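Before I ask anything, let me first share the structure, which is written out below as structure tokens.
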Amino acid sequence: MTDEANYDGAFDAIVVGAGLAGTAAALTMARRDLDVLVIERGTAPGTKNVFGGVMYTPTLRELVDVEDAPTERYVAEKRYGILSDDGDETAVTMRPQAWNDAPHNDSFTVIRRRFDEWFAEQAVDAGATLVTETTVTDLLKENGTIVGVQTDRPNGAIEAPVVVLAEGANSLVSEGADLKRTDDRKDVAVAVKEVRKFDRDVIEERFRLSGDAGAAYHYFGDGAVGDTVGGGYIYPNKRTISIGVAYRIEDAATRNRSPEDVLNDFKHHPAIAPLVRGGNMVEYSAHAIPEGGVDAMPDLVHDGAVIAGDAAGMVLNNGIHLEGTNMAIESGYHAGDAVADAIEQGRTNARALAPYEENVRNSFVVENLEHYDFFHELIADDRDFLFEDLPRALADAQREYFRMDKTSKDEHVSRAKARMLDATGGWFGAAKKAWKYRKVLS
Amino acid sequence: MNEDWNIVVCVKQVPDADDVTIDPETGRLNRSDAPAVLNSPDANAIEAALELRERVGGGRVTAITMGPPPASAVLEVAVALGADDGVLLTDRAFGGSDTWPTSLALAREAEELDADVVICGEESTDSSTGQVPPGIAAHNEWAQLTYVEELEPRPEDDELIARRDVEGGYERVGAELPVVVAVGFGENDPRTGGLHRKIYAETEFEPDTVDATDLGIEDEVGLANSPTKVGGMDTADPVARENEILESTDELTERIEEAM
Amino acid sequence: MSDVNVDDYDDVWVFVEQHAGTVAPVSWELLAEGRRLADEKDEALVALVIGEDVEEIAADAIARGADRALVADDPVFEPYRADPYGAQFRAVVEDRKPDVVLIGGTHTGRDFAGRVAVPTMAGLTADCTELDVDDEGLLLARRPTFEGDAMATIKCPDHRPQMATVRAGVYEPAEREDGQAVGDDPAEREGAIEFVDVVVDEPDTVSRVLEREVGTVADITDADVLVAAGGGCDGDVAPVQELADVLDGELAASRKAVDEGWVEPSRQVGQTGKTVRPDLYVACGISGAVQHLEGMNDSATVIAINDDPNAPIFEHADHGIVGDLFDVVPELTAQLRDGDDRRVIDA
């Protein structure tokens, strides 16, 4: 009566993780009539997932009806601010009217617990099997080929021709099976996030919103995350506000301040405090973000397995663009497609699965990662200027430029310019920096 | 001598108690956002049932639940842990039932299943009356054992002995079969079900479905047959506390002396 | 089921729970509240006693305010078992038709009450913390739900009797009238105590008590002062026990302390432990998780000692100190002991 069931070989593919990449893969395969088993360690999909954040839905739109998905607000405004640790803020805010019309630039805030659960339901409705509260601890290998997974349940081993590894940033299984080396500290960011509950009108008033409109605020500079490389963010949801910081783990380890302290300081910055004060804290979480870019990507394809999503390092963070969700869904989709093709052809070795890697490399996922590859080194090298000097210089220059006294405006302009040039190292220095950072915006 | 016992375990699907909120605008309980989960004390009941079967050396464990169709999810949980089968008692007619008709339905099904032992959780986290187990026993005129810490089966005597938690101590009581047991909350450590069993529960397992007419009680259930009615629900005023943080133990000593 | 004629039902009954001659404190508490309800409804208050050789207990109930007592006296009722108590009580209810029946919410009361309520189709509300009557004399029974976040008011408009099991410690116990000892005036008592027919025969019973051990294990639900040890004690509960001793109270514990084996399970307070309502509850090294609060939030005064200023317990305490319990608790103990000594000297 107990455990007479045995599902070895009953499934065409096992997906490790019911996050965005895993579910996208499972949904795609289920629609191609594959028998798919998704194994999720949380009590439900989404309970173990943390992001800022904004979900970008172009690929999602191809898989499901986004209007049915539980989203919070669409992004009607993007704001980028630079904060000095003296309390100054310089910001640019953008509200193109077009973002207020569907499809709202395919940018929405979501609550992961609700969204991921709904998304996984779509995969189950399409025929996938989901087991939760089960953690995959290892891959099963036979002569170097991956033939299944080992989980933490009794009788917890199960075999299938293909394993899709979508285990997220904490990719212990891939690492344990030597498919991926442990991320270098400089390639991972620590993220800490707080969610606070407010009355709807408070949120709408503070962020100048109405209806389903929302906003995405991003900040960097010493006033945001202190002595590290990273940034802070604020995203209003329907009835909550997400506030967080993300910065290099290397800095976390070396700089002697806890992530909680960094988040607290961010929240207390004079530009931030009025936006986030009050309310009730309803969630506090921490997570890792892969930031190694293209160079840190592991081999995506192996005999009997593929790696997708955050586990494959597919996250773009260049301060302006913070994208992981769309990359995860796109890579999951390609993974599912390639696996379905391979199963149909009856071969599941690395060669048969290779189209997955090809397609992902030809998609925006790797193209964007390659384009911005330079970013982290560049920023890290110039940290002091970008995060410490620049915010202060801007604030000083603005103060000077806009100073109201009886001196002529001419004088003010000169002094403001001088202050800026002081920070950049003269005109020549400024030109060098402009050249250096030309690729960031382009 | 009966070495095989028919063990029926009653489970209930409830809103996740941690997620039920009070709507700040209306002051009313908001259950709709809370996911539906297995009533936590029932996890101890399922574990007790599985352990009992092991100790008796044979038998069948059937999980039963009364609820709308989505309630079959808790039967899946029971089967994933090791229960042999599940029965869903579902019928519009059950709507609005208090413990009287609820325990009647469960009692009739337990009889149908020829139960030797019916095991329930101590109480449910939503209504928490703890009256369903005695109700089942009363409807069937069976023996009962509540607030059970430990079970000791005596199949050779058709008897079940239990250690009951009583105020200031314990007692050991033996009951003739058939008997209804209510297991104390937290009295055992629910096991983790095997992987393949869990897959079975999620995929191939289908509970049997039974309605009020099948049980012959269509005129004895529902709101009309519920002697108790909920006259109102309101948020409990949180106990007003002074929330005074003191600096010195002297002050605290004073407060303690005042309180005595 | 046909509706009963509610007018046929009269009187407020209170079950007097006793084991081997010792009355459970909750019974006297309910007698006091029963008196109040009976007066409001202009009905009589009747004590229900079941057991062996319990006439004195019946007399005690009358001395404490009951108008009459009904007694079922027989060896079959000692020790307590659910089926004989249920069958007997049910028979008396069907015969005498009470309007309201109050039973203490102990592991005895909540065990057998259903065996009365089900065959009589009485309305039974369990684990109440508040009772009242509305304008029509209908019993309003209030009880907590959802881990105490909400209160439900339950009514039983069309069925009788209206039954409720009530939590211990909610009401003050009924005292004997001034100067009166039990059995003082037998003449006045005559007729007030009635022995009813015993309907249960030993061969009919379906259970047997093999052993019953009470008094060897602490009953923290009875204590006026509880000092509780939590995870912060890290294995050493001696200072907490000393504080309990100097306050003449009992040691209690959080689930963590019990799971770790530092304190015995009978002293556990909380969702999977006991619900307590002492006059004073001192939480030492307890964080204040919801599951623990549910068990002690009705304490009259709560004191919290914890080294984490953000511990939720402080939001649910009247007075607190942020500090190391191994410093604070012995200091308190010493100060209270000195205080005691001073009081003795002053007296």
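Note that the chains are named A, B and C in the order they appear, and that numbering of residues resets to 1 at the start of each chain.
One rule holds in what follows: contacts are C-beta pairs under 8 Å (C-beta built on N, C-alpha and C of every residue); 3 or more make two chains touch, one makes a residue touch a chain.
Keep in mind that what you see is a predicted model, and the values were worked out from it rather than measured.
Looking at chain A and chain C, the chains in contact with each of them are B. Chain closest to the overall centre, judged by the mean of its C-alpha atoms against the mean of all protein C-alpha atoms: B. Mean C-alpha positions place chain A and chain C at a centre distance of 55 Å. With centres defined as mean CA coordinates, chain C is found 23 Å away from chain B. Inter-chain spacing, taken between the CA centroids of chain A and chain B, is 42 Å. Shared interface positions of chain C, i.e. residues touching 2 or more other chains, are not present.
Of all the residues in chain B, the ones that touch chain A in their complex are 24, 35, 60, 82, 84, 192-200, 202-204.
Chain A meets chain B in the complex at residues 1-3, 5-7, 37, 44, 129-131, 134, 151-158, 199.
Within the complex formed with chain C, the residues of chain B that make contact are 17-18, 20, 22, 29, 98-100, 103, 125-131, 133-135, 137-139, 142-147, 161, 164-176, 179, 184-186, 220, 225, 227-236, 239, 241-247, 249-250, 252-253, 255-257, 259-260.
Contact residues of chain C toward chain B in the complex are 1, 24, 79, 81-83, 86, 106-108, 110-115, 117-119, 121-127, 140, 143-159, 206-219, 221-222, 225, 247, 255, 266, 271-273, 279-280, 282, 290, 297-298, 300-303, 314-322, 328, 331-332, 335-336, 339.
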